[in-house]
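You will see subunit A twice below: alongside subunit B first, and alongside subunit C after that.
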Partner chain A sequence: MLAYVAKRLALAVGTVLAAVVIVFLLVHASDTTPGAVRAGAGATAERVAAENEALGWNRPLWVQFTDYLGQLVQGDLGTSLVDGRDIAADLADRLPVTASIALFATLLSGLVGVFLGVTAAVRGGRLGRLITTGSGVALSLPAFWVGILFVYLLSLQLGWFPATGYTEFSSDPLGWLSSIAIPVITLAVGGAAIIARTAAAGMREALTQEHIRTLRAMGTPRWRIRYVHALRYASVPVVSTLGIQFIALFGGSVIIENLFALPGLGQASQVAASSSDFPALVGVVVVATVVVVVTNLLLDLVVAALDPKVRTS
Partner chain B sequence: MIKISRLRLRLRSSATRPMSVRIGAATIALATATTLAACGGNGGGGGGGGAGSASAEGTLTFAYDADAAPTGYDPLLYSQGQFTFFSAMYDALFVTQADGTVAPSLVTEFSNNPENTQTTLSLREGVTFTDGSPLDAELVKVNLDRRSDEDLEAYGAIAPGGASEITDVTVSDPQTVVITWAQPQATPENNLVDTAGIIVGPAGVADPSSLETTPDGSGAYTLNADETTRASTYTLDKNDEAWAADEWSYDTIVFDVITDPQALANAVVSGQADVATVLDPTTIDLVEQRQRTVSVGGTIVGFPVIDKTGANNPAFASEQVRLAMIHATDRETLVNDLHDGSRPTSQLFPESAPGFDPAIDEEFAYDPDRARELLAEAGFPDGIDVNYTVLGQPDEDAVAIQGQWAEVGIRLNFVTATSTDQVFAAVRTDPVIFGPFTVGAQPAGFIAGVLYGGFMNMQGATEPEIESSLGAALGATGDAQEHALTDLNRAITANGWFVPVYEDFTYAGYNAESVSEPAFAGTNNYLVLSEIQPAS
Partner chain C sequence: MSVIPLDAADEVATEPVPPARRRRGLPGLLRRPGGIFGAAWLTFVIVASLTAPLWRPFEPGQQDTANRLALPSAEHWLGTDPLGRDLLSRIFTAGSLPLLSSALMLVVAFGIGLPLALIAAERGRRVERVISRVTEVFLALPATILLLALIGVIGNRLYPVMAVLGVLISAAVYRVLLGVAQSVRQRLYVDAARVNGLGSLRVNLVHVLPSMATVVAVQAAQLFGIGLLIVAGLAFLGFGPGEPEPSWGFMIQDASGYIYTSPWLMVPTGLVLALTVVAANELADALAGRAAGARGTRRRRRPLRRAVAAAAVPDGTPADPAAVLEVRDLTVSVDDGPDLVTGVSFSLRQGQVLGLVGESGCGKTMTARSLLGLLPDGVSVTGGSIRWQGRELAGLPETELNRIRGREIAMISQEPMVALDPMFSIATQLVGPIRRFREVGRSQAKRIAAELLRNVGIVDAERVLKSYPHQLSGGMAQRVCIALALTGEPQLLVADEPTTALDVTVQAEILSLLRALVRDTGLSVVIVSHDLGVVADICDDVAVMYAGQAVESGTAEAVLDAPAHPYTMALLGANPHVPEGEPVPERLASIAGTVPPPGSWPTGCRFATRCRFAQEKCTVPFPALPAHGAGSVLCIRVDELSREHATWTPERAGDEIQPGAEVLAPADETAPTAGVSS
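Right after this comes the complex of A and B.
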């Protein structure tokens, strides 16, 4: 297991490094320069050149990269070209917003999805078909449309949750929970549908396995066969899907953060991209990559713990 | 039997371990979520904690449709429209009041010399900035001496070469400053109002880069950096020591940036925001079902004619050709089909601005036969080609007008640009551009700084009728100015310098249970923040 962990860890570090190299090169391949962004629209070529010189843009590429990597290792993501703010501090403020919503949406979709999927597989019949059809419909609904619908129902009509905005946990825990409720529910709709289908398929397959038949023959209680042995068999693809879902929700947060005016990473990336704020853009990519890689690493370890075949393969 | 027991044993042991792993993972996940949230720190406090809780006593929550300070807190980098936000942290020499009049703010008295070429300003005493330093004449001079910095959008008109150029600023005594104008200015206060008149503190002026992160004003509020997340939430706390603190109602003002039009409307409908602006026209019905709205005109959508000398398209040197475009535009149909709530117009001046004249709309109304006659008189009986550069797809207005103009022989050709630079460069090559233009409460200023003396006249075309009425409008007061403005307004359309299509309105929504009706700054499309009061 230790060798497996070491291997995955090395792969994770390599992935982050590759992402940093790619985004660094992409920024340098852009048709604008940090000097032009810093100097603003309408600046003379001389001023742009002077800004580029001051920012070190004219140094050899490898020198710039090693400098940036050195800063990165120390947790320094630089300062914004647009307003000079500290990018690491800004992203540290935003990360919890995006991460908490993605995490809770993943957990909620896991709970609901597993319950529905297992019910569909175990009960079958009309209920099973209803769940399967319903999850198909839920999968086809765009998140922004679902969000608007929930805002109308849960906020504008019932007044249960705020329609927009984010409240810090430290200032008001209940307010925080309330402020992320609709975004989390919105994201969980599609997620739960995927998990329900995955769990249902996994359970159906599990219930036909030889060891399950053996357990039945041994007189093991039905609930134990279903909810311990079969569910464990079905949990490997479910956990994998949940991990992928967290990554997708984390990376695809722009639309939801816009819709609910949430100050998260998605919003930061949109602002950075629209203002050509290179250091901020690179910072968002690096942070998002690290989160995704760490999630993948944890996912691999959890799957390996659940399924010994994975770590021995 | 032994075999089965081993199997059961193995199943049990292996089942137990993943279960603990899963419970552990779930615990870690929950702990992580809680920690993440707890470490949220400055994640932004906008939006309030629950439905309808944003209007806590002493807090005004103001939702904006765009970032209030995308390039930091130097107010001079921004146009007049940003004054709503900056007015909380900065004071200006003059401010536009809700009734549209311009009133002294950091100035207590001002006077012109007989020729209207010099203005003497007496400054308010007892005004201090964030570092405690006082307002004085030297500081005003240092501020205005930044006018040659081309990045300062607020100083466009008073910059060298600007329509209301300042040539000199002199300090007479610690509280008096004398401004010398390149041209007579009968209403100098209009050049130093709102954003254009903001005075930045000595630290900010000495090092403008410090304003990227730290405001330096004398306003009634200071930025709470800990509760601010750029492009998302700006929290301002009241400074009770400020000279005008008593004129402001709220202890805290929170500016939430909500760029999604639906979310912006939802924020005010649900009570998350007390005020929300600018509302998208498609959401006004929703807002008005639950809350209230206020609106103001002042934005004229149309085609400024760039090539009035015919340098790039010889046909445009002809006044008849330019007038043909005005008569070929069916504004009523376009507004009815696409812009319910807007006002069709054939003049540049907004309905509520001085100089507006309904007769101009009648005289230059849609008349395709007259358009054909004018083209024929100009020597173009077969029509003309008009190139218009667009980025991506042309908008629906331009497409509709293309069809209308085609009926009289004016062929509007869309040239697709591949970059914004190409679009900006088109003002040097295309005969017309198209878009919404904020003419606002001071149309003469717009004409002086943009239409006649700015980028809409890149070729430096001259027109005596416009020039004389513009000079009269800038150099006169009272009825004489009103008369001159009307002449100026008519001269713009009659000479075909601008092809107006419709006047657009800016909407703001507000929660009548929490705040009184907000007011725009006259016909400017921004709200007077200091006027917003708790509902009685």
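Right after this comes the complex of A and C.
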């Protein structure tokens, strides 16, 4: 078990390191320089050169890299080339926005998806086919298009939630909830579809297991067979998929935050990408990779706890 | 969206496509409505987009200022955008970029992932470890955000960006294909002769790649859809071809600004994009060969009550008044399909053990399971009666049966290792039914559980209670299963090949445990076995089954000592009598030929094709004759044969391997160590 944990940790650190190396090399392979970005369009060559010198851009690559790693370990992600803001502080403000949306969307997908998937598996028939087909369609829909449909329906037609914008939790908790409602629902459409498929497949597989027949032969009530034994069996793939969904929704936040004008990580990465704000880009990639890696680690632990075979070895 | 490929990978990996299905190819695909739609729509979109410059009614940039934000009309089939440009022309002009760049992504992803998978599968453990570690890192990278970083660095160039995405996704492709490649290779090693002398490239080209074709196609279709979504998403964020060039993502972004005034604007573009992705996924589903949700949902039962009512009327033969279980003319059939069991009758007194014997595929298991109403989906009792302590069980509703299961009739199955729930401890699995059956508290139930375990010969009951099924040996698991079956203090135990999956020494232990239970508790047992040694060891009565019929029945002693039916003689010849208490010996010989499968039983004697004594008259139907006192025998020549003192000597070793003798057992009766024939 200890060796296993050590291996997972090593892989996690390796992944973050790989991400840093990749973006670092990318930035250095670019034909623009950070000096040019900071100096802005139309700056003279001398100005750009001076900026680059000031940023330490002309030092050997490995010196810059070890420098950056050293800062990174201390939680320093540098400052923006565009407006000089502290990137670590900025991303720390943005992370909760993205994380809460991804988390709520994952939970909602889990609830709806498990309900639909289990229904499809145990009821079968026309309803089951409808759910399977419906989830096949739902997971193919582009999130930004679904988002606009929901804005039209829930905001413009029904007036339940604001169309765009973000309210701070600290200033107005209810307003916060309604400001993330449509983004969460939008993300949950595809998420729930994928969970429903996983849950349905897991339940169907569970219900054909030999041990389910033993339970039937013991006269176990049907609800108990389905919702205690089969669901428990299907929980491992469902929980794994939920973890994967959280990561996927975290990535999907780029588009959702753009659509709903939410000040999250995704928005930051879009802005950084369109303005070639290199330190901000590297920072966003590092933070996103850390989130993915930590989620994966947690997921491994949860799955291990769910599966007696892993737990008891 | 960065990780959707991973998920897709899981779905494909956990549902490998059986090779048989692969051959059906295109026709099989087109039999599914989703597949037809997917193929048709994709073809349409691809052709229409690539040829758009040839047929589009307007230039994509051409502005019709009088007709801004128009709804569909004869002139503009799909309406116009805020600048009065024709939506139809713009949508299909925009189509070729996402379609082509997704295709590029696929080429890169498979161009890297496929060779890597082949190499890893071929070069063995060490190489595979290295490649797998690297791909794991790739899989854990946040693809979407990395793509944005890439755009920030190299600028707004879609083809290189999608190529890089292909590199990232190749890790997911590798992961799925590696599993397939490895299993294909394993198969190849089994018949290594075919591979001998072929170069590595040829082996891959000729043997491995074709077997992977389906999985590759499924993956490709799914990833293509994901690629389209990503291209559109990037364009939506402004990282696509800029104005006035049309792009799906940007057109939707544009439409979102007019949602108040012209909601129609977002419909055509969104629908085309959504339909194209749906089509790719539907195609993948159809390729993977799983009809969405259509599995095992259709249930049409034959009218059963009629058959049961007819059979319930006593047909002249007085039932054995001492019998607790009386089965008469039992027929079990596949719904809308062939019969699996026909006209089987037997009875059982309290404290007695009845053996159902025969080769795999003779209907023993179906007969045994019908006693508890536990037939597989789509199989049901279609005639005859099952009287249990005076009650008719055939046709009893599920709720009534549930009250009998475990309480009056319990069952143990042939594979103890999978018969227990892997997710719960033994204690939990015993305590639940004990509380339900005996209406006691938790702590009391726990005590009873430990006691039950000790009663089935488990010494360290406390430790076993804390264990999970995977921590038990096969023999231990079977003991736990027996303890579980005893929780409801049943009067009848149905044991389906209870020792087949176990080691020879453990088999004898389990049998003597069952014998002790019968002796001490007055339990009645129906035991299914292909092993006459088991019958000789434990049974009072026996019914020999062949091709869905009971061909000979009577007391075990009579049947084993003086078999009247040629099939019983053959079984005995193949598996000589074993003195009680001795371990079951190695199987000696088999009977040439195989059991005819349900639906292809000959009229007349079903054993005729394999019987050494078969004659012309055996091919016409004839009734069973009384034999062995209360038993019967189903052979038209039985009198002649007994006069002639006919015997069935074991076949010579050379006869053992008959072509066609190694046919696998049907799914309902898989006997892993089947001794009689397979």
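The working rule: the second predicted complex is superposed on the first by the 304 of 313 C-alpha atoms of A that agree within 3 Å, B and C clash if a C-alpha of one lies under 4 Å from a C-alpha of the other, contacts with A are read in each partner's own complex, and residues count from 1 in each chain.
Methods note: a residue touches a chain if its C-beta (ideal position, glycine included) is under 8 Å from a C-beta of that chain, and two chains touch if they have at least 3 such contacts.
Note that this is a predicted model, so its numbers are computed, not measured.
Once subunit A is used to superpose the two complexes, subunit B occupies space that clashes with subunit C. Of the two partner chains, neither subunit B nor subunit C is touched by A:Thr186.
With both structures placed on the common chain, the touch criterion links A:Thr289 to subunit C but leaves subunit B unconnected. In the superposed model, A:Ser109 lies in contact with neither subunit B nor subunit C.
In the superposition on chain A, A:Pro96 makes contact with subunit B only, while subunit C stays out of contact range. With both structures placed on the common chain, the touch criterion links A:Pro162 to subunit B but leaves subunit C unconnected. Taking subunit B and subunit C in turn and counting the residues of subunit A each one touches, the greater count comes from C. When the two structures are aligned on the shared chain, A:Thr119 is found in touch with neither subunit B nor subunit C. Applying the stated contact rule after C-alpha superposition, one finds that A:Ala261 touches subunit B and leaves subunit C untouched. Looking at the shared chain after the overlay, A:Ile148 reaches both subunit B and subunit C. By the touch criterion stated above, A:His211 is placed in contact with subunit B and with subunit C alike.
With the shared chain A as the reference for superposition, subunit B clashes with subunit C in the stretch 255-263, and the other listed options (183-191, 255-263 or 381-389) are free of clashes. Shared contact residues of subunit A, touching subunit B in one structure and subunit C in the other: 148, 151, 156, 211, 214-215, 218, 229, 232, 258-259, 275, 308. Interface residues of subunit C facing subunit A in the complex, by the touch rule stated above, are 1-4, 6-7, 10-11, 14-15, 34, 133, 136-138, 140-146, 148-154, 225, 229, 232-233, 236-239, 249, 252-253, 255-256, 259-260, 263, 266, 270, 273-274, 277-278, 280-282, 285, 292-297, 372, 374, 398, 401-407, 410-411, 413, 415, 418-425, 432-433, 436, 468-471, 481, 484-485, 487-488.
Partner subunit C is touched in their complex by these residues of subunit A: 11-12, 14-15, 18-19, 22-23, 26-27, 29-30, 32, 120, 124-125, 128-129, 131-133, 136-137, 139-145, 148-149, 151-152, 156, 194, 197-198, 200-201, 204, 209-211, 213-222, 224, 229, 232-233, 237, 240-241, 244-245, 247-248, 250-252, 254-255, 258-259, 265-266, 269-270, 272-278, 281-282, 284-285, 288-289, 291-293, 296, 307-309, 312. Within the complex, the subunit A residues that touch subunit B are 40, 42-43, 82-85, 90, 92-97, 99-100, 103-104, 107, 148, 151, 155-156, 159-176, 178-179, 211, 214-215, 218, 228-229, 232, 235, 258-263, 267-268, 271, 275, 298, 302, 305-306, 308. Per the touch definition, subunit B reaches subunit A in the complex via residues 4, 7-8, 11, 14-15, 17-19, 21-22, 25-26, 29, 32-34, 36-54, 63, 67, 69-72, 150-151, 209, 212-213, 229-233, 256-260, 262-263, 266-267, 269-270, 272-273, 290.
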